[in-house]
Amino acid sequence: MRRVAVVGVGMTKFGVLADKSLREMAFEAFKEALEDANLAPKDIESVYTAINADHFSSQVSPGASVMEYLGLNPKPNIRIEAACASSSAAIRLAWLDVASGLHDIALALGVEKMNEAGRTTAEIIQFMGTGGDITWENHYGPTFPGFYAIFAINHMHKYGTTKEQLAMVAVKNHYYGAMNPKAHFQREITLEQALKSPMISYPLQLYDCCPISDGAACAILASEDVAKKISDTPIWITGLGLGTSSVALHNREDYATIPGTVEAAKQAYKMARVEPRDVDVACVHDCFTIAEIMAYEDLGFCKKGEGGKLIEEKQTYIGGKIPVNVDGGLKAKGHPTGATGAAMTYEIVKQLRGEAGKRQVPNAEIGLTHNVGAHGTYVCVHIYRR
Amino acid sequence: MAVTQFSFDVRVIVPPHTKLKKFFEELEKGKIMGTKCKKCGKLYFPPQADCNKCLSSDMDWVEIKGTGKLITYTVTHVAPKAYTNIAPYVIGVAQLDEGPKVTAWVRDIKPEEIKVNMKVKLVTEKCEDGITRYILKPEG
Amino acid sequence: MRRVAVVGVGMTKFGVLADKSLREMAFEAFKEALEDANLAPKDIESVYTAINADHFSSQVSPGASVMEYLGLNPKPNIRIEAACASSSAAIRLAWLDVASGLHDIALALGVEKMNEAGRTTAEIIQFMGTGGDITWENHYGPTFPGFYAIFAINHMHKYGTTKEQLAMVAVKNHYYGAMNPKAHFQREITLEQALKSPMISYPLQLYDCCPISDGAACAILASEDVAKKISDTPIWITGLGLGTSSVALHNREDYATIPGTVEAAKQAYKMARVEPRDVDVACVHDCFTIAEIMAYEDLGFCKKGEGGKLIEEKQTYIGGKIPVNVDGGLKAKGHPTGATGAAMTYEIVKQLRGEAGKRQVPNAEIGLTHNVGAHGTYVCVHIYRR
Amino acid sequence: MAVTQFSFDVRVIVPPHTKLKKFFEELEKGKIMGTKCKKCGKLYFPPQADCNKCLSSDMDWVEIKGTGKLITYTVTHVAPKAYTNIAPYVIGVAQLDEGPKVTAWVRDIKPEEIKVNMKVKLVTEKCEDGITRYILKPEG
């Protein structure tokens, strides 16, 4: 198994990008990554295109359409789907491709256009709800905020987690989003604003939820030989974990945890030979505020049930025990589902290179990304080292 | 601006095509059925045609009593398009005394009176949209 | 890079399987493969679930739902999409997973439920048409028979290929389909029947087209060490190729070839260190009869333009130069898109083991599968050796 | 048998949201526009906002003359749902004299009279469904 490094990253601004098509967003991220890696399109040997849902793109088999627009035919390409963890899964596969020795340079690109002209929020919510179990649960009209609200009620009941603690996650992520020029929301919010925002799915309010975003992000991976030749700042992927959980809620054992996260974290830490306390900076999947609190616990940043306390004590701010989502997270940076994992990798690469500007975590050496598909059906944890 | 538009069915299918037809027939009659693996005895509710514990597909139908307690829930205020007219509604997860868990609407109780661990019972109900569902109601 | 073998295969009968759901079909194929490999579910370390389109399953992120039903959570799983080549792509990734050393035993499972109650053929055709370029070509009402008809007209014009030669492909594949108890159509047809069948998209008639099928198929791959321990008949995957072509017709250079096939074949032959003439038995992508004729040429079984002659001389029957689609092909065996590639692997594994019964190619040592996504947007070529 | 059904839009979008808005505006006026990379000179038709040859996104708009010859075609008899009312119709691919190829309906000629290599010209037409398209017509 060869060592593999990230040698280039690129991403669009996230947001409602009404002026850009799926392919144009992908092109923009791809171009930035090539320039970052100092490579040309001809150097890319293999491609993994991550897109969450055909419905969003309207284009069936949308990965092929992106590939064409990048001008990369007839090279290898596969479209990867792991719900909201699609581009982390693509990075995992690009890693396998290079680690195995099949190729030296591989591209993992994620993109999603969730806001398409004429599509209403109620339609998007309905469509996304079909990511829950179609056979037994969909005819109760579930929503994604609802799935996480179900986790939140259980977490609050078991561990005494409060709505204030949930809101504190949003406040932190908006605080950092305000420092990120690529974030969907670049403004701070107060705890009061969050707690006064409209109820979406009790106990989750508007500010507990990430926005519906468009965007693209990508990473170029290279083998050790190539990485050392072309890059002064290769960022090594040293640990990879992939866990899964049931789609149907009734097949879960516990609603205050994401079983896929626990499994993925175990695999990744073991492979990277590190412990949670060794991680200097992390991007975790905060599609909803409760998700970030569960992530703290499931990733081992604190004991189970103490996630609420961790944010209350500001331990996940820069300067705290473990800075989390200092790019704004999904909550403020945005969550164009297919692009989200690659955008986490983008942030961690910038952090480990020391290029994160105002939101730089000092001397970050080991980084972690945690990307959850749907309500835990797919979970990728990657560990990076500079 | 040239935009053509057409709709393609995305259905919520409570499977009309599967080996679980009997479940839906009994549901209409007010009975809630699960399946039990003849080989290893594992009880499946909602029913499955196959047992992933022992890989057998030889199942018995068994009636579900449906008593249990509520583990967690949510009150859906912002609903999907097809459900906006009935919002807010409560989706809960219950632990049945018989072993399996179940996800369903919690009805006949005000959302603010719902408590984790409250006793509930699974019953059938012909809902306002004409679909017969199993739902959770408070008990005792 | 470790050697990797197929140690178990399974598939459902293909056809209109009105009684079975997506998950139930997947379970049936999985169970057969486990029994074939003499393994238990706990032995599977990593899963790649291939499904072509969310629209068919209604379930968004359908791979997660299959994984749950197989009882394999919280193990790794990723849903793979490469249009009609999805499960060949899944096998490629399972190969990478094992070859890299990350896991020893991986499952690649493909499944598709195209016929869902209440869905009309015109709806299915419309939906599939969105696999063509959404931006520039879809508002002309293209269909998949139409894309291949466009290739056929060009091929006929350039090389003198005849409608009779196209029909001969259908006759051959129905001839072998009649010997395959898992085939969608298990009956022979005559040349006259084919030529008198209704026109679908000129020059392609009904019998030039594969049916709309449901089904599942899967393969279990293992590392050399494990394969030798658990199997008396490991079938080695010795060559892998993956090529791509543009989605939009206007970005193609030539309409009498599939550029992705040419590229994938080149990669696979090189990796396996074999020539086209070394192949003893092949499953090629005959979604339409012209596709099989182009495959003969693009895979190097004959010179470019001589595909029509090859079938006319019956060189692709058993006993001929290169037996092709002796399982009935997509034409007669059926084409549940996500499952098609794994079903090709199923056939080649059976052939190389000498277990293909009435349609056994004598002494087959080297086999090839060729699986085309959409109209060439993704093409996988795999080479196998017993 | 409990089946709820709803439709979700699957649209054929001739992009209303992209940097190519001008194309659709000009199309309505009867003009067919392509883009030309200012950096490397590559001509794109249909237009693209980005050049994948040199990675520049700095493009000029250029009018397409649209003369060329038919490379291949098909006559669609069994059509998608939204197009069954106009079947049979001809979809062709033409090589334009200006370099690019184009896919479009071939109209104003009987299907049986169509020949590969015939001269064609790309013109705009407001079609029966209210959508303005570029289509191919026989010429000369």
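As written, the chain order gives the labels A, B, C and D, with residue 1 at the start of each chain.
Going forward, contacts are C-beta pairs under 8 Å (C-beta built on N, C-alpha and C of every residue); 3 or more make two chains touch, one makes a residue touch a chain.
Computed from a predicted structure; not experimentally measured.
Look at the CA centroids: the one farthest from the centroid of subunit C belongs to B.
Chain pairs A-D and A-B differ in how many C-beta pairs are in contact, and the one with more is A-B. For the pair subunit B and subunit C, the distance between C-alpha centroids works out to 37 Å. Here the CA centre of subunit A is 33 Å from the CA centre of subunit C.
Shared interface positions of subunit D, defined as residues touching 2 or more other chains, are 2-6, 8-16, 81-82, 131, 133. Each of the following residues of subunit C touches two or more other chains: 21, 55, 58, 117-118, 123, 126-127, 130, 133-135, 139, 248, 251. By the touch rule above, subunit C contacts subunit B in their complex via residues 18-21, 24, 27-28, 31, 34, 41, 55, 58, 69-71, 116-119, 123, 126-127, 139. Partner subunit C is touched in their complex by these residues of subunit D: 3, 5, 10, 12-15, 45-46, 71-84, 86-89, 91, 93, 100-105, 111, 116, 131, 133. Interface residues of subunit A facing subunit C in the complex, by the touch rule stated above, are 1, 21, 46, 52-55, 57-61, 63-65, 67-68, 72-83, 89, 92-93, 96-97, 99-102, 127-128, 130-131, 133-135, 240, 242-248, 251, 259-260, 262-263, 267, 373-374, 377-378. On subunit B, the positions that touch subunit C within their shared complex are 2, 4, 6, 8-13, 15-19, 48-50, 52-53, 55, 57. On subunit C, the positions that touch subunit D within their shared complex are 55, 117-118, 120-123, 125-127, 129-130, 133-143, 145-146, 149-154, 157, 198-204, 248-252, 255.
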